[in-house]
Amino acid sequence: MTLGFKTALIVGAGAGLSASLGRQLAGEGVKVALAARSTDDLAALSREIGAVTFACDASKRSDVDALFANLDKGPGAPEIVIYNPSYRTRGPVAELDPGEVEKSLMVSAFGGFLVAQQAVKRMLPKQNGCIVFTGASASVKGYAQSAPFAMGKFALRGLAQSMARELHPQGIHVAHVVIDGGIRSERRQEPIDKPASMLDPNDIAAAYLDVIRQRKSAWTHEVEVRPWVEKF
Amino acid sequence: MTLGFKTALIVGAGAGLSASLGRQLAGEGVKVALAARSTDDLAALSREIGAVTFACDASKRSDVDALFANLDKGPGAPEIVIYNPSYRTRGPVAELDPGEVEKSLMVSAFGGFLVAQQAVKRMLPKQNGCIVFTGASASVKGYAQSAPFAMGKFALRGLAQSMARELHPQGIHVAHVVIDGGIRSERRQEPIDKPASMLDPNDIAAAYLDVIRQRKSAWTHEVEVRPWVEKF
Amino acid sequence: MTLGFKTALIVGAGAGLSASLGRQLAGEGVKVALAARSTDDLAALSREIGAVTFACDASKRSDVDALFANLDKGPGAPEIVIYNPSYRTRGPVAELDPGEVEKSLMVSAFGGFLVAQQAVKRMLPKQNGCIVFTGASASVKGYAQSAPFAMGKFALRGLAQSMARELHPQGIHVAHVVIDGGIRSERRQEPIDKPASMLDPNDIAAAYLDVIRQRKSAWTHEVEVRPWVEKF
Amino acid sequence: MTLGFKTALIVGAGAGLSASLGRQLAGEGVKVALAARSTDDLAALSREIGAVTFACDASKRSDVDALFANLDKGPGAPEIVIYNPSYRTRGPVAELDPGEVEKSLMVSAFGGFLVAQQAVKRMLPKQNGCIVFTGASASVKGYAQSAPFAMGKFALRGLAQSMARELHPQGIHVAHVVIDGGIRSERRQEPIDKPASMLDPNDIAAAYLDVIRQRKSAWTHEVEVRPWVEKF
């Protein structure tokens, strides 16, 4: 079954999940735009999948406005938008740097709002589009010594729920994917004797595409993915 | 991507969701067995998809034992098992018939245990298999005047969670699909001016297959599906 | 502030939580009835708090009918009803005895329905009463190797939610207390160097009384209690 | 039973819930400090209950630092801290003012962190204290056209959960009260024919005090309160 969408924007692009998403979307014939704070690391991927890239600090309103203005002028408004960025800092509540806590809220949640708002403005006239927010186990459970990440990810989930309730009846699909576990990467390899004990970014991306592909009689708002050996 | 499984058992088979599941599984080359309290209505479907059929009251231990003994002798143990049955009765708590409440627990939850237990016994030696339980909005929210359905569906969800935590690390995928909304059928048609305002059984079945197809680095335990216009 | 109720029935009475509840209710001037499968162990407590006792297997309809008939003839219909019983069996899903699983559902959930139904029939004409169900961490999370307890406790929570939505607007308060952790008893003592690391039944009972005492502008349906050192 | 604490700080003080909390705490012999953006409206209450008052914008680090420095010099560090402030703006996602969304996050959630951090620094050496965060139905459900409030209140709940998991084992009780429904006030009166159909601030405050009073063998982290007629 085809995805039903032709253009996508992945915010918080880089190695890992975003690269897998970019490749799989491109593989479905979708024209992909990649946005990240720095585009330095995106050159190889953008060449590989024929994507355009944009530098954008998603927590800054002017950056997000410029990103969408550029999309309007270039590849066109995205029909699929995926929001990945998060910022986390850990530590006992008494020792946290307030500036870092604020940054967690701004990057993980406020940036999600800024990007989603620009996307929705362009999707509403067409009553068509799909917005996916990347969640974590911290979206549904506040772990000790990890208050800032919980605050940001809880807030993003609140945004996603509110948007789904408002926008589903207007033809815009809003989903929240709870990724529960560590994602395998070049830096974080799983033990050889425990295959698939970390999330493979390609397998996570497949779950995103399953949701994006859904027809509107049976939309998923929230779905969780975790490795078979993950405690939950 | 292939499903990775060759045999399936759908319990609570009939028109609607089960028929869609049967067709889509057969379309992936899976050998399907259908079980229902009465097989009268299964003749056409079983011919269409080349399925074997079994009469089975899933809430009766002897019936479930016989079902799996027959599968062992015939098509072989199922690698995919889907449990659909539920029984519901509505009304104010003070007016409910206790026998009907007990039946709700037995059909919606205890039968799920009986079928899952027989399935797991056969999956464990191979460390392979996928069991999907059909949930409803009543699985996560107890509605007024619907206590028996809530009791049965809550219990089934408790079973599914416990099984996932036990069996995922043993290579058996256990999923719970929360279907939130009315399913379209020949008897229950949606308003013409509101397309896709009820769940299309084919679209629900597609969500089941997405979950069944998942690789074990990123398994979903719980996923919800609802029509775009459904209040939640 | 007074409790506002004069009669109570505690089902699943024995040592521990039920005894604490009995004492605290009696201390508020409430006339207490205690029901348990066997009344052998209730003699001392019933003398101490001036309670009447009844033998009753709460999972049997005839027993529950008889219990309430006796209450009607004697101390009168209870304005407060607390349902404690549960039955649990542990083990891998493949090895569970189906009879034990059924018993878990019957004692932990169906008995709750039977008792609540009789109570509600008597409370409705007065638009007054409070029913409290005893939950556990297994009410909200299905643990590995503990499917039967999860099934029973999830089902009881579904009942409690449905009843609250139906009966709150009719003046009957329905609450569900999630007890998360082990309860201290003569047999289960906590380590001396970790005071209050297990739930003190008197402290749990205090939480029940707080809920029972609530005025109807601010009713609690669900509340959790756990020891300060409990992981959650 | 006594509260077990001698000093309290109520942030976001004004009419309504905060006034009820102040009166009930003072009634238990607790020395109360009231903090609000403007202290203009606190004069009568502070006289009535003998409270000290402080002007403080809880979303500003310097204000919160100054507030606690003043408490240190004056009445002493609070053993009880209650955080009430929230800021909300409503509307379709596409029409929201980003500055207002940011303010929602800052007032409803970041301010909660700032106040809690200062409180915890002072409670940790004594391994004693109780912090209560005021939640709303929007803390657990993101309503349509109310994304900013959901974002702020979800984030505050994430903070509360993380703090509870970190601080309960250190003797500091952290609770989150979900207030589900409208609070009665001079401006918002309930219909005369539906008594108690709105939350009475005195009844909510009683629930806070119940939680604050709990002994540490049975602490509540989250509790909900709603009027008997409230849909949920």
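Every chain is named by a letter (A, B, C and D) in the order it is written, and numbering of its residues begins at 1.
In this section, contacts are C-beta pairs under 8 Å (C-beta built on N, C-alpha and C of every residue); 3 or more make two chains touch, one makes a residue touch a chain.
All values reported here derive from a predicted model rather than from experimental measurement.
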| item | value |
| --- | --- |
| Shortest contact path, chain A to chain C, counted in steps | 2 |
| Identity of the chain that, by mean CA position, is farthest from chain B | D |
| Interface residue identity across copies chain A, chain B - same or different by half | same |
| Averaged-CA centre spacing for the pair chain C and chain B, given as whole angstrom | 32 |
| Touching two or more other chains - residue numbers and ranges from chain A | 164-165 |
| Residue numbers on chain B that touch chain A, as the complex places them | 1, 164-165, 168-169, 171, 173, 184, 196-200, 203-204, 206-207, 210, 214-232 |
| Of chain B, residues touching chain C in the complex | 61, 92-94, 96, 98, 101-102, 105-106, 109-110, 113-114, 116-117, 120-121, 124, 138, 141-147, 150-167 |
